[in-house]
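Each of the next two complexes has chain A plus one more chain, namely chain B in the first and chain C in the second.
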Partner chain A sequence: MTNRLDRIMERLSRTAARGMSRRSFFGRASAFGITAASMPLLPVSRANAAQQPGESGDPQSCDYWRYCAIDGFLCSCCGGSTSSCPPGTEPSPITWVGTCRNPVDNKDYVISYNDCCGKSACGRCMCNRNEGDTPVHQPAGSNDINWCLGTEVGVVYNCSTAVVLGAAD
Partner chain B sequence: MRLVVLPVLLCAAAVAAHAGGIAPNLTRNGRSAHINYMTECQGCHLPDGSGQKGSVPSMKAELHRFLKVEGGREFLVQVPGSANSKLSDADLAALLNWLIPKMGGIAADGFKPYTPEEIATYRSQRLVDVTGTRAALVAKFDQPETSSVN
Partner chain C sequence: MKTLTAFTALCLATVAAPATAQLQPEELTQETLAEVMQPHWVWVNDVSFDRMLDGRAYLLDADSGQMLGMISGGYGHGSLLLAEDGKTFGVPSIHLSRGVRGERTDVVTFYKTADLKAGTEAIIPPKRFSGMPFISSAPVMPGGRFAVLYNFTPEQSVTVVDMQAQKTVGEFVTSGCGLVFPTGPSKFFLICGDGALQPATLDAEGKVTLGKTSKKLFADDDPVTEKGVWTGKQWLFFTPSGKVHVIDHAKDVPSLAKTWSLITAADAGWRPGALQTASYHRATGRLYVLMHEGGPNTHKDPGTEIWVYDAAKQARIQRISLDGMALSVAVSQDAKPLLYTAMPGETDFKVRDAMTGELIRKIEGLGGFMTVIQPSPVTGQ
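Right, the complex of A and B next:
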């Protein structure tokens, strides 16, 4: 049985080797590899990339430009980033929105300070800058509200993100 | 000539006073209606106006219903989110005139745009019972509301 299988495989391999050059295989494989790798370099329009402003500064530092109106722990120090929550937490669907001036192009951008919720307070990189913060009777601009109220996981606050929504013009 | 103009001006002033008499705040903050929506409303109403079930009513395809019932046009200005916002009467008028066709389920030429004067007049009449007023308006809708706050 084993001998028979061996013979069949041998015959198939020899037939394939006779009909196919190894060089042509390597040629085609590398052509495919190069094409696949260079696809993302083509100058196609990227909607998200176009909106993002020029960056300077350290997202783990409270003086980073996007944090001009934040009040809370920076998600960048807590396992998340300026635009994503740490694993195991849920971003609040409702949020408060402000504007910050970007030092790179000196333009104002609309920033959404979504809270991340569902795990106890991160405790790292507390940042409370409050530029443009309004009293709680004007909630759309107030950072003193626990915005985790809108989440499924509950009102436990973990940290705050600072997502750029677009230029404020 | 001056003697003729003066009574005309006085007359115009009297008409303005009769129509409400509240001088609108015409200051503009220099931002488009969409950006003002983002900073003043979107945090709770969300980018498409769909709101938050159970706490923030949906405006999406719903706002036009208020314009069809008596008192609804006033309500969209007097509701606390509008009336208490940091926007001037001119900016609030621009925002509503952008918002209603954008998310309210009605074409831009399907309703009469708000003027800053109208905004100032409605804004000066404070709503005491917001939820009660809203419920009374919703009860007058032709068809029941598709989403509710409660």
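Right, the complex of A and C next:
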């Protein structure tokens, strides 16, 4: 087991975008300790993270650049935004991540697709793109998992956000 | 009140009219079904993606094109635990005490095929995997004694359910590996995040012991999907690029028996995809795979064709055009097999002759997010 974790960690260290979240899956105690606020501590480029990316495109459209690995209803169409949950829903503290290229500066950014939870599915703006999506046995990059986990309100999925965590190394 | 009295009198007069004197009032009854699932009966999941609290599965008769009944599966319904004899099945489900919120209870509810009435319940840990339906998240072991359910919280573990006693055996950690692929009545393996396989065994009571993990078997840049197919003897796993990895599970530590490709140079641009990618007909050795044209990152796109392979010869023997798309495919296991497909967003369930590929019928007007198809079970599944 130790060797396998070593191999996993070795691979993850080569891929910051996926590794930063996958790391958490192998630590029981830490699993529920991840929060959106703690995400910047993960291995993304902090220097670049300090600078917000330029924006173009429509966050209510599936072809918006941040949605390259999303699978679900866009919170931007459901009373929330790319970085906020609709009223009365609770952000999932744990999630999957993708790496999406911003057409404004042609740089790659790490995107956290936190689910919003506690109300039935929004049903608007269904969007499924799978750039870099991994199978569920590689959970940190898998968009086939209901990520309403570790919430107070429970497992019911409402919509998906697309939060920029930082520039990908 | 006068109006109501007059209405009541009119009703009575109507009932008492001479013409109805010869009419025998109908009696309202409940239908029942055959005790055993018939060869061309098939369950199809409707995960009700935009109303996931209302997950369900429909039982269809592919010969008649009739819907026979359904079950309600709770939140994010997955697949059914079909007993090999076709007489009973279990439904793993998630329920919240206040509908969308409140205390979570996970349960396996047992049903008889004959009446589809909810029967015995086995409460399981409130950790069952919730996501897109995969049969590998809740399979029944060959022989039918146990079912093994994958948990993800994101801690990973499995819950074992005794299908005969209809009781929960317990929860067992899986050390960073997930999904469940049975290889015998008391043997299975899981896939680990690093591309290794984790073997495990069940004792007579259903308690899990993990074995020695395999070496890394699958490439990081072309990992196997969750959608492996059991031939009755081996597991076949597919990769986004079109490789088929055949697993040798005979020894204590799983290994790769061989790897072959679904795609030849002439097929460049095609690849497997979908949610339920493939199905295998054991008597003929025919492997049915949903294929589509697309590049990288299209590994979950629906299929536009089904390519049929002789799995033993690793050679394509047929192409079936779907005249549309499908996200799920399954084949019945009888001597006159039918080929089933479903596509979320469409409400038709399509039935084809599995040998010719000819479309026989569409069963229309079903739910809007049909996913996993489960044909009538066979012994040793």
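In this text, the second predicted complex is superposed on the first by the 119 of 169 C-alpha atoms of A that agree within 3 Å, B and C clash if a C-alpha of one lies under 4 Å from a C-alpha of the other, contacts with A are read in each partner's own complex, and residues count from 1 in each chain.
Quick note on the criterion: a contact is a pair of C-beta atoms (placed from the backbone, for glycine too) under 8 Å apart; a residue touches a chain by one contact, two chains touch by 3 or more.
Just so you know, these numbers come straight off a predicted model, no measurement behind them.
Using the contact criterion defined above for the overlaid structures, shared-chain residue A:Val155 touches chain C, although it does not reach chain B. In the superposed pair of complexes, A:Ile94 makes contact with chain B and with chain C alike. Using the contact criterion defined above for the overlaid structures, shared-chain residue A:Thr134 touches chain B and also reaches chain C. When both complexes are overlaid on chain A, the residue A:Asp144 reaches chain C alone and has no touch with chain B. Touched residues of chain A, counted separately for chain B and chain C, are more numerous for C.
Once the two complexes are laid over each other on the shared chain, residue contacts for A:Asp58 go to neither chain B nor chain C. For the contact definition in use here, the residues of chain A common to its chain B contact set and its chain C contact set are 94, 134, 137-139, 149-150. In the complex of the two chains, the chain C residues touching chain A come out as 49-53, 75-76, 94, 96, 100-102, 104, 129-132, 134, 137, 152-156, 175-179, 190-194, 196, 213, 216, 220, 223-226, 297-300. Residues of chain A that touch chain C in their complex: 1, 4-5, 7-8, 11, 22, 24-26, 28, 31, 73, 94, 118-123, 126, 128-139, 142, 144-146, 148-150, 153-157.
Note for the complex: chain A touches chain B at residues 93-99, 110, 112, 134, 137-141, 147, 149-150, 165-166, 168-169. For chain B in complex with chain A, the residues that touch the partner chain are 31-32, 35, 38-44, 46, 52, 55-56, 81, 84-86.
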